[in-house]
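Going by the order they are written in, the chains are A, B, C, D, E, F, G and H; count residues from 1 in each one.
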Amino acid sequence: MVQAYILIQTEVGKASTVADIIGKIPGVMQAEDVTGPYDVIVRAQADTVDALGRLVVAKVQQVEGITRTLTCPVVHL
Amino acid sequence: MVQAYILIQTEVGKASTVADIIGKIPGVMQAEDVTGPYDVIVRAQADTVDALGRLVVAKVQQVEGITRTLTCPVVHL
Amino acid sequence: MVQAYILIQTEVGKASTVADIIGKIPGVMQAEDVTGPYDVIVRAQADTVDALGRLVVAKVQQVEGITRTLTCPVVHL
Amino acid sequence: MVQAYILIQTEVGKASTVADIIGKIPGVMQAEDVTGPYDVIVRAQADTVDALGRLVVAKVQQVEGITRTLTCPVVHL
Amino acid sequence: MVQAYILIQTEVGKASTVADIIGKIPGVMQAEDVTGPYDVIVRAQADTVDALGRLVVAKVQQVEGITRTLTCPVVHL
Amino acid sequence: MVQAYILIQTEVGKASTVADIIGKIPGVMQAEDVTGPYDVIVRAQADTVDALGRLVVAKVQQVEGITRTLTCPVVHL
Amino acid sequence: MVQAYILIQTEVGKASTVADIIGKIPGVMQAEDVTGPYDVIVRAQADTVDALGRLVVAKVQQVEGITRTLTCPVVHL
Amino acid sequence: MVQAYILIQTEVGKASTVADIIGKIPGVMQAEDVTGPYDVIVRAQADTVDALGRLVVAKVQQVEGITRTLTCPVVHL
């Protein structure tokens, strides 16, 4: 199982709606609005890095109002 | 009371208009054009971090011509 | 209560130790190693923005091996 | 007269001291701690751009604990 | 002969298609999807720096869905 | 007299045209295409910082295809 | 098997030595000097994301002269 | 002949000295202090991209007080 934080930038004024919609995507554990260089921070998980990449591209990035996503996989060192 | 600087990037050619409009929003104390990686720097205040977040999303980001805002809350250490 | 994500960059080779130590600081709910532009992502909470700022400066940033922290307060829009 | 915001990054744990010392430099109107990608935001003024540059290099940057300064001159468009 | 890595950001949801199309451009040796601040990393070569610049502008950047490219020429020190 | 470098990002595929047009603006001394995080680097001059800001906003940023400009005034320390 | 690009910043003047040493680490397929915001670009592989993270932290980041590494795992979408 | 801009960040308080020393290096045509995210902007030239890389690594980066250089080769599109 691979877990990751996804740091998201949205179009101005869209952060709240984006967080609400992403929070309902299967595999997403939490989606919250934040201030600073990112607008929404998401925690998600998938079976593999490739499945995580597909979750981001096929589900998360399909949400209207997102301009950039930055996926940070959790690693156990 | 929470105070913050809001560092704003605008569409090219829109900085001056954006600063003028933001300067009239209640809660905004100052809005100035600058050169460098940001185009407008705003100083604002609100009762709580959540109210500040709503001021940015519901008022500041509604101004046409803004592409990114970066909110930096002032902290008293 | 104010919650925040703290995105941390560490000296090379220090990420694992930094995450372990931060995870034991009161107020810190989770500290994990990640890959990408940040090395450790922390979730913390405090009573106010000022208390959160003091937690970061007086506790988190005292951990040896940290080079930059970026605090992103959670907002409820 | 040229005015500017100076966005400052400090060594971890030094933000508060840096802001206190900079606040006493002649030409500096305000110096505050913030959260986010910058640690201290300063407002300063000088007679010319060159004088502003010298204020930053000869006075502000001499304060121990500063790692980067980003000067954003205010412009009146 | 000049070789380079081209780090590419795409519109959300376009990374896979962009990598497929770029991979077929003459002079491009490899084009892969990645996670992190970039979406696609390309390896390409050309006869000169100017020819490399033209390859990027006239061929790579013409692919629909690209928002930014960052060319990093390989140097032999 | 104030001189400055203006670091410009353009829409993909527009760098060459943007450099050509900017090179003909009065006050612009040189405009060249580059590779890396910026697409065009311009050298310009004006009587004051405010006049320089107006040159950037009223002339340079009016050129179609520009997405961001970063003005770096030259200082004599 | 997980593959990744590792974008590396080095201390000034160390890029060439860093690339030479990293190129000999097992799991590293290629290490080259580049110009631009990064100094060395490495291609590596490991069995899992966790093993890749350990390769970066335990082997690559131990090379003297490295200041930042940015790991970009390859994903097959 | 390859020409390039080299955007330089220095240790705080070192910009002026760095610019003076770099300005005397053969192959460097101009070195000026600037405000903003960079501290010194240099214009240099060499016979090839590799020679330019060596000029940066072997000469420019040897100047004490430099923390980062970003080389942007000029391209003729």
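By our rule, a residue touches a chain if its C-beta (ideal position, glycine included) is under 8 Å from a C-beta of that chain, and two chains touch if they have at least 3 such contacts.
Just so it is clear, the structure is predicted and the values come from calculations on it, not from any experiment.
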(request) State which chains count as neighbours of subunit A and simultaneously of subunit F. (result) B, D, E, G
(message) Farthest chain from subunit E, going by mean C-alpha coordinates, please.
(response) D
(request) Taking all residue numbers used at the subunit C/subunit G interface, answer same if over half belong to both copies and different if under half do. (result) different
(request) Would you indicate which option in D-F, E-F or B-D repeats the interface seen between E-G, with over half of the contact pairs matching by residue number? (result) B-D
(message) Quick check: superposing subunit E onto subunit F on C-alpha atoms, how many degrees is the rotation, to the nearest 5?
(response) 90
(message) For subunit A versus subunit D, what separation do you get between their C-alpha means, in angstrom?
(response) 35
(request) Between subunit G and subunit H, tell me the centre distance in angstrom, where each centre is the average of that chain's C-alpha atoms. (result) 25
(request) Indicate the residues of subunit A shared as contacts by at least two other chains. (result) 15-16, 33, 35-37, 49, 52-53, 57-58, 70-73, 75-77
(message) Following the definition at the start, I'd like every touching pair of chains, please.
(response) A-B, A-C, A-D, A-E, A-G, B-C, B-D, B-F, B-H, C-D, C-E, C-G, D-F, D-H, E-F, E-G, E-H, F-G, F-H, G-H
(message) Under the stated contact criterion, what part of subunit A meets subunit G in this complex?
(response) 2, 49-50, 52-54, 57-58, 73, 75-77
(message) Which stretch or stretches of subunit A touch subunit C in the complex?
(response) 4-5, 7, 15-16, 32-38, 41, 70-77
(request) Enumerate the contact residues on subunit F facing subunit B in the complex. (result) 49, 52-53, 56-58, 61-62, 66-73
(message) Give the list of subunit F residues in touch with subunit E in this complex.
(response) 9, 12-13, 15-16, 33, 35-37
(message) Please output the residues of subunit D touching subunit A within their complex, sorted ascending.
(response) 35-37
